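Order of writing sets the chain letters: A, B, C and D. Residues in each chain are counted from 1.
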Amino acid sequence: MNAPAVSPRHRVFQVLENPNRADRLSWAVEIGLIVLILASVTAVALETVPELFARFHTEFRLFDLLITLAFTVEYIARVWAAPEDKPDKPAWLARLHYMRSPMAIIDLVAILPFYLALFMPLDLQLLRVLRLLRIYKLARYSPALTVLMSVIREEAATLLAAFSILTILLIFAAAGAYWVEHAAQPEAFGSVPAAMWWSMVTLTTVGYGDVTPITPMGRVFGGAITILGVGMAALPAGIIASGMADHLHRRRDRLREEFRCALEDGHIDLGEGRKIERLRRELGISREIAHGIHQDVRRKQFQRLQCTCPQCGHEFQHKGDDE
Amino acid sequence: MNAPAVSPRHRVFQVLENPNRADRLSWAVEIGLIVLILASVTAVALETVPELFARFHTEFRLFDLLITLAFTVEYIARVWAAPEDKPDKPAWLARLHYMRSPMAIIDLVAILPFYLALFMPLDLQLLRVLRLLRIYKLARYSPALTVLMSVIREEAATLLAAFSILTILLIFAAAGAYWVEHAAQPEAFGSVPAAMWWSMVTLTTVGYGDVTPITPMGRVFGGAITILGVGMAALPAGIIASGMADHLHRRRDRLREEFRCALEDGHIDLGEGRKIERLRRELGISREIAHGIHQDVRRKQFQRLQCTCPQCGHEFQHKGDDE
Amino acid sequence: MNAPAVSPRHRVFQVLENPNRADRLSWAVEIGLIVLILASVTAVALETVPELFARFHTEFRLFDLLITLAFTVEYIARVWAAPEDKPDKPAWLARLHYMRSPMAIIDLVAILPFYLALFMPLDLQLLRVLRLLRIYKLARYSPALTVLMSVIREEAATLLAAFSILTILLIFAAAGAYWVEHAAQPEAFGSVPAAMWWSMVTLTTVGYGDVTPITPMGRVFGGAITILGVGMAALPAGIIASGMADHLHRRRDRLREEFRCALEDGHIDLGEGRKIERLRRELGISREIAHGIHQDVRRKQFQRLQCTCPQCGHEFQHKGDDE
Amino acid sequence: MNAPAVSPRHRVFQVLENPNRADRLSWAVEIGLIVLILASVTAVALETVPELFARFHTEFRLFDLLITLAFTVEYIARVWAAPEDKPDKPAWLARLHYMRSPMAIIDLVAILPFYLALFMPLDLQLLRVLRLLRIYKLARYSPALTVLMSVIREEAATLLAAFSILTILLIFAAAGAYWVEHAAQPEAFGSVPAAMWWSMVTLTTVGYGDVTPITPMGRVFGGAITILGVGMAALPAGIIASGMADHLHRRRDRLREEFRCALEDGHIDLGEGRKIERLRRELGISREIAHGIHQDVRRKQFQRLQCTCPQCGHEFQHKGDDE
């Protein structure tokens, strides 16, 4: 062990919850868990192929047993080490708090079905699908995913509004198609809910082609709906684009603010440098861009600070310009 | 009633047109109306399924009667309370003004067909579709939808230009496909209007596949059109993305301006704080971002307030005398 | 005539090339020409329907004759009035210059086939398609279209690069699909050019479904290509979005610059106001946004200009902040 | 030769690796190579058509021999001239360094299969596909492509995150479709891997239609997945849009920085002008935009240079001594 002074519980916490590249063990555990998750999901998917299931029945069960054991150990270790994150709370409270976090619930869902199936008869299909959810355990390992998810969360209200416009258009398209086509195609357009299938497939530009308008009026109406579909697809793309750009600027501005504070006294000392570096990695900003921000802040700060009068030699603070 | 001092008409206005979360009754009415709208639209959609209509014929009629009554009461109440919004106008003028607003017209369209059908024989199909329009009553309840709609309205001219490029390409694609394919497929590509169906389905990347080019030349031309289709789909996405970003900046700038005004005298007093908070919610800007804007304005204001007289060297706080 | 002082040629020029809403005649001519263009294109499209052509053969010919005459008069009038645009050049040079502009060439192409067909036998199909090109005459009438076209032109190099990435992926996808599928489907994937049809339809997410991989390996490969297709469609959308936003900012900045110049002396006089208003309309910027820019420039200008020392009363120019 | 003073090796280097428009020979070689690449790829694609291969067997072989020879000469010339790029290194090291660059490896892959096939029996199919890779040799000739590729590289982490969201949704959609549809369609939805084909085709909005849900529950679920598909397609579009805009701003900022440095002393001298012009072309910024940046920097610099001493009131030009 390369950190003998820390307690075992702190070490487990470091390895599982606070991994960094320099720590070999923590890195190995991270890679190992990612491989286990992928292997587990692949096995569950392959299990649904009837031929494979018939032939490798025992192997699939054994593999699932091993993986469930590994994930159980992981879950217990995480719960046990949780108090390290909140040293000021009682241990049981910190653990309870951790157990209610989304990632911990996903971890529990990944193992619970196995144990439940020991005590009561569970549908095999349900078990399989629940085991597929293990893929969500991967969410822990990608910082860019976190950024993307937070953009989606921030834009949720606007995306929901786009979705409600889509819903209104879906109903409108289905009603229109039902109106013009239900005489010609009583099967596919016989009711508004039936026509909904066509309107969903068309407005999302998926276009299976299993159901299409065949009357001239239906094709004129259907053509207009395909064009609206292009417009509909543009809404979420526009919302995400604007949200991504805004999120990016705000992350940069936070780093810029940090540089500004640190440069108040004219230079960045060691502590400030470390703090900035940590923030930079947390925000997922590249080293080059951070350097550019540093230069920019420095230049502006410098201009604001230094000025010498060539006539009387008086030094004063010239507040020249600010972004 | 938790507001005994207000007149009944004002109370009705508050509950229906100016809902806020703290007012329990207004909140309950809002939720109730949303549920009614959704239930009504679902019922109309289900009614078009022949089996359901045959079996629950009476129930559908009764349900529609009840919902129409509820919406009628709502409409009358809104019209009656309308003068509260414009206290300086005569009541009848305020009501007329309200009745001509888009939301009031939608409310009227949602109930009128029922009453018209009492006096004259109306086509059942038409009645159903008109009742489906009730879904538009939902528009009142989503602020994000309002933002999205205003972005679409602002970008209308550019979206229309994109649509006209699409139209030109549609005609060009249909003419080309007619030219190369009408010998091989006289049915699907027998005339330019007929080929239009293929060109719409292709340029919007819907791609049903019910009509596809089969000659080698047709496939070369069709392939080029599919690629143009990707470009076409990019136009509205780009327009919306740029419009969303711009709208966002302008909303932020309005809040920034409010902070700037409030901070003219160096601090935000209670009244200014409330005004800013109301604007913040109206513009749909999160608390964190508003805080960032506040900090930014404060920092710049401070720099601006610091002023040095070049004649006597006195340092003083510059007060922007107007704006 | 409401402008008796101008020469007839200048009047024709005003009406045809420099229309404004206040001039009733110019407005009527603009609407009339748009209607003629749309009617002409609709007629050509309908002519390709065999039944209609058989029945209204004479009417179609007559209608085409009339429209061609109208467009001929329009073309001659435009060429005749062209010197008004370049008063410092000899008339014939100005006319030659005008005749070589893209819009003039489109106008010529719209009428020339009719006259050529009088002297030599021309294929009816070719004539029809050439007449369809009249739709391009519409380009003259939409300012938003001009903006969109200039964004596309500015981003042409990047869009071409996206297209070349698409080409490389198309060849790669076709070669891969040929490799894995040509044994199972010798018809659809029998050669790389044949597989190209599938790869175009898939990478553009059109997805007709007339040709799809059927082997397991083919579906794994095909699935990967569909995902690449989503990425490919993102490229032009991203390019246009970024280009639109940039173009918008530059147009705003030009108006801002104009305001800045005009406000140098503290106020906007009548001539400056008119110049700004003309630029505003030319750039397609709304009145509200122009007002916001005005306020913004004024505020900054004001801060920079006015400062009074409270100690000695000295007035001086404080250069506080600048955007 | 129009540059007799330079050594032959330097001339070869200039022509091949550092082409500029003024140098006629370098321009001709560039065009020639692009034509050769395109001709070569077209020939390989046509070779896979059985009829053409049977008929022009000898011609295809001869053409491939000629092109391979040309590319071999090009490769040897590039390796030979490589030391010109790094005059301070020993020639063999510079050559080794060049041979390990991505473009050199592509050049090698474009010719190697031909020589390998002389010594050992290679699969004809494999040879063809390897020859198709010659298309990548084009990458050298497009600066916009370089920009696009660097945007994609910068956004790689976020695009990967979007891809991982897509993967999770793919598995979820396949599992759900398997659950609701495998009884009705044991062929297409008989296992999760089989249902994956449908979920890929649907979530990417390709929508072949070869496999579609047919049960009512399957269509409700499928419809929801098509809507998620629109959202999924929005993610990469948003990421690329935001990345493009950011990259554009950073390129502009680099040019702005260059102008700022050059204008420190109040004017741009000849050397500075040339350096800025070179950077402008390298960054792919248009002349108009560069001019706008110049004006902007000049205006701000002027304000910044104007400085008033608070002690003696002397007005002077402030010279930023370093930066």
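Here is the rule we use: contacts are C-beta pairs under 8 Å (C-beta built on N, C-alpha and C of every residue); 3 or more make two chains touch, one makes a residue touch a chain.
Here is each chain with its UniProt name: A, B, C, D = Ion transporter.
For clarity, every value in this text was computed on a predicted model and none was experimentally measured.
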Copies chain B and chain A - interface residue numbers shared by over half, same or different: different
Comparison of C-D and B-D (more C-beta pairs in contact): C-D
Per Cα centroids, the chain farthest from chain A: C
C-alpha-based rotation, chain B on chain C, 0 to 180 degrees, nearest 5: 90
Chain C and chain D: spacing of chain centres that average the CA atoms, whole Å: 28
Euclidean distance of C-alpha centroids - chain B vs chain D, Å: 39
Multi-chain contact residues (two or more partners), chain A: 196, 205-209, 233, 237-239, 241-242, 245, 316, 319-322
Partner chain D, residues of chain A touching it in the complex: 41, 44-46, 48-50, 125, 128-129, 132, 135-136, 138, 142-145, 147-148, 151, 159, 163, 166, 196-197, 200-201, 204-210, 232-233, 236-245, 248, 284, 286, 289, 292, 299, 302-303, 306-307, 309-312, 314, 316, 318, 320-321
Interfacial residue positions of chain B with respect to chain C in the complex: 154, 157-158, 160-162, 164-165, 167-168, 171-172, 174-176, 178-179, 190-194, 196, 202, 205-209, 212, 219, 223, 226-227, 229-231, 233-235, 237-239, 241-242, 245-246, 250, 253, 300, 303-304, 307, 309-312, 314, 316, 318, 320-323
Complex interface listing, chain C residues touching chain A: 205-209, 237-238, 241, 319-323
